[in-house]
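Some structures to go through are shown next.
Next come two complexes, and both contain chain A; in the first it sits with chain B, in the second with chain C.
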Partner chain A sequence: MIALAATGITKTYGGFTALSDVSLSVEHGEIRALIGPNGAGKSTLIDALSGRNPCLGRVELMGADISRLTPGKRRRLGLSRSFQKTSIFPRMTVRAQIELAARAVDGSDGMDVLDEFDLRPLADRLAGDIGYGDQRRLDLALAMTGQPHTLLLDEPAAGLSFEESKRLAAHLRDIAARRGVTVVIVEHDMDVVFAIADTITVLQLGQVLAEGRPDDIRANPDVVRAYLGSAA
Partner chain B sequence: MLIQCLNGLVYGALLFSLASGLALMFGLRRIVNFSHGALYMLGAYLGYSIATKLGFWPALVLSALALAGLGALLDAAVFRPLQDRDPLIILLVTFGLALIAEDVVQTIWGNDTHSLAMPALLAGIVELPGSSFPVYRIAIIAFGLLVAGGLSLWLKFSRVGLFVRAASFNPTLAAIQGVDTDRVSLMVVAVGAALAGASGVVAAPILSLAPSMAADILVDSFIVVVVGGLGSLTGAFITALILGQINVLGIVFAPEFTALLPFVIMVGVLIWKPTGLAGNRV
Partner chain C sequence: MKNSLSWLGFAALGAVGPLAAHFIPAGMTLSLLAQATFAAIFALGIGFLIRQNGTISFGHAAFFGLPGYAVAALLPLKLMPLEVLFAAALVGTVALAFAIGLVVVRVHGIAFGMLTLAIGQGLYEAATRWRAVTGGHDGMTLRLPREVFGLPVKLLQQPHGMFVAAWIVMTLCLVAVWLFARSPWGRLTEAIRDNEERVRFLGYRTLLPRAAVFAASALLVAIAGMLSVLYNAFISPDAIHWTASGSGLIMAILGGSAVAWGPLLGGFVYFFLKHAAGAYTTHWLSIIGVALILVAVAFPNGLAGLMIRQRSRP
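Moving on to the complex of A and B:
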């Protein structure tokens, strides 16, 4: 079953085309990585899918057209996202933030999420005062609050140490497998990408350059030339 | 002196109950609502008409409810459609609405001043050392405290209050986390308008009703919101109390500077701390 589908997504800023007729189809339970050089349009595509940034084209969630829905409505339908910079309220406690997302989405208090992401020891601290790695964990916990079935993650490993990135990759793999969550992840850390992705879409200059399984992408000469270089 | 301080508190309480709605609306919608004084005026006039038939207390409740409905309409028909436009457009539209409201009041109630009788329950006098003070004025102070306490509890402990605090800090982020910001904004504008209407009714027995009453208090309300910190209730509360004292004590001790002093304080605070006394805390 297709969990998330985008057709003909186009976004222009004045004379600059950030995305040009991009289409994407993600199976339920799949982890899809979006990779590409800076400016390729990865975050713009995440913004388009989450409804943060209006664009041309059609977005379907579990077969339903959500193209005209607000980000909040998409969130309540089960499409959740995180940001490149953490999407936290620095002057709210960790507990209040989880509660905010939980109350808004399904009316629960979200305390199960505190435990699942091991955030209970930090529950009464202001989110702005906890460490960066903890903030990223809170960010992921916020995105997972309310049992979303589809998760859009924009560089969740940005700024994390090698060890933290490894833990994050394992955690994401575990969440996707255990809860059957569909994940679309934008990430520059290729260790994380190749560790968790079922399929990879490569964007370049606002267009899809290649799409396929990690091994195929690693071996694709166009992708190696445009983005991966010798790192792959 | 004690009487002057109490009168300062009365004006401060009235200012806060009006400005709190303005602060909440700015926090949620990031709008400068020039029609807020008109909501206060409409509340007072509606209260006046209802009170002549049903008495003060039904006038207070019905006027607040009517203004809540008008606030919801204002949000749905004006603020929401214009939310992504240049802030100057909303400023001009709300200014236009204020002028229309003034014309409507002049057409229905005329240019003469009116007065609303205070409720018999609060018509007495309290004896203070060396002087006396009307019970109704003490009730206005209590009304201001009730509004402050009620809003504070609502924001701190209710589900909607949690949404309001989040959306005031960052509406986009709140929406991404699932908060229906349009619905929350509608509720907040309705509450703000209801408070403006109720403030108008509460003020009516001590101030005369005239079409110019909107403009008279609107400027002070804006000073309260700006000095307090745009969108901040705590800041608005502190500033309203200070401004109330300046207004009344200024008349006694430095009448020639009374009108000027609030603006001097506003400029000083904006230079010293551009985000206002309380920053952007709700």
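Moving on to the complex of A and C:
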């Protein structure tokens, strides 16, 4: 079953085309990695899927057209996202903002998420006072409160230590396998990408350059030339 | 523990006014105290907006004067009892503020300030021009019946009675603001203030809560306006001029809006500073200005911020 489908996504900034007729189709429970050079349009695509900015094209969640819905409505339907630039509430305690996130979607207190992300020891600290890695985990925890079935993660491992990235990758694998969560993840660390992705979509200059299984992408000469270079 | 301490604090605050009034001889000081209390409630409303929405209004005096004008204009028509008229004027003001809020809270910073300034000055112009209803620059005198809310009007029009009444209303307003800040609504609006986009992506609508805060702050300001009109039995366009909004803003910033009681403190300090300076010089506004600059530079969180810092030092 297709969990998330986008067709003909086009986004222009003034005269500049950031995304040009991009289509994407993600299976339920799949982990899809979105890779490509800086400025390829990865974040713009996440924005389009989550409803951050108006754009052309159609987005479907579990078969229903959500193109016109606000970000909040999409979130309440189970489509959640995190941000490339950490987006938390520095002047609130960790606990208070998880509670806030929980109240919006399922009315729970969200304490399960605190444990899931090892945030309970920090629960009563102000989010602005905790370490950078902890803030990144909090950003993810906000996105995952209320067990959304589809996650859009924009470089969640950016700035995390090697250990933390590995734990995050294992965590994502786990929720995808165990809870059937669908994940679209933008990631620069190819070790993380090849470790968790079921499928990879390569963006370049606002267009899909290639799409396929990790092994095929690794072997694709266009992708190697445009992006992977010596990394693969 | 902290909770019951706060309630004890509110009870003590509520008692201080009536007690003090008992010992202060009726007259000038009590009358000033009564008017300072109106100013403090006014500042409380403006500080509430700063704290919950993070926006600075240059037009809130409109909501101070509007219900007074409504009562003054409708009173002679004898449509309803005065109490109902008061309630209707408050409800009407809040409804109008909510409608205005739905538009103005979409913008932030300077744009918000300019929009609220324009709306406030628009109402000021209306009050000065629409002479048949408002009495123009001369304002209007209210002919109040002998009793309101079961109390003789005379009682509310002499300093002692009004000061005690206003002080109690002020305490109740402070409790309301405090309770709001601790409620889920308070948390939500503070989250919106700090990171509106993230709140939208968490599944909330953000426009209605922001407009509701705007309306609630207008209600506080309107309550101050009602007390003032009851006491003075008089309303004039001065009450809604933008300089009145500016004074309220100065009080809120002077006191500090990070804690609920900051603007109250600012209101009293400003009011008495103004009168003390006014006794020596006609340039009291520049003295206030200098004082404000000093406070803003030395204590960005206002007098309340300063006091909290002192207390939490080892």
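What we mean here is this: the second predicted complex is superposed on the first by the 232 of 232 C-alpha atoms of A that agree within 3 Å, B and C clash if a C-alpha of one lies under 4 Å from a C-alpha of the other, contacts with A are read in each partner's own complex, and residues count from 1 in each chain.
Keep in mind that, in the parts below, a residue touches a chain if its C-beta (ideal position, glycine included) is under 8 Å from a C-beta of that chain, and two chains touch if they have at least 3 such contacts.
Since this is a predicted model, take the numbers as computed values, not measurements.
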Note to self: Please determine, from the superposition on chain A, whether chain B and chain C clash or fit.
What the structure shows: clash
Next item on the list: Using the touch definition from the top, say if A:Phe162 reaches chain B (first), chain C (second), both or neither.
Entry: neither
Check: Touching A:Arg91 in the superposition: chain B (first), chain C (second), both, neither?
Finding: both
Next item on the list: Could you say whether A:Tyr132 touches chain B, chain C, both of them, or neither, answering first, second, both or neither?
Entry: neither
Next item on the list: Determine, under the contact definition given at the top, whether A:Arg76 touches first (chain B), second (chain C), both, or neither.
Entry: both
Margin query: Per the definitions at the top, what is the overlap between the chain A residues touching chain B and those touching chain C?
Written below: 50, 52, 70-73, 75-76, 81, 83, 87, 89, 91-92, 96, 99-101, 103-105, 142, 145
Next item on the list: Enumerate the contact residues on chain A facing chain C in the complex.
Entry: 50, 52, 70-73, 75-76, 80-81, 83, 87-92, 96-97, 99-101, 103-105, 142, 145
Next item on the list: State the interface residues of chain A toward chain B in the complex, per the touch definition above.
Entry: 50, 52, 70-73, 75-76, 81, 83, 87, 89, 91-92, 96, 99-101, 103-105, 142, 145-146
Margin query: Quick check on the complex: what are the chain B residues that touch chain A?
Written below: 159, 162-163, 165-166, 169-170, 172-182, 281
Check: Inside the complex, what are the residues of chain C that reach chain A?
Finding: 184, 187-188, 190-191, 194-195, 197-205
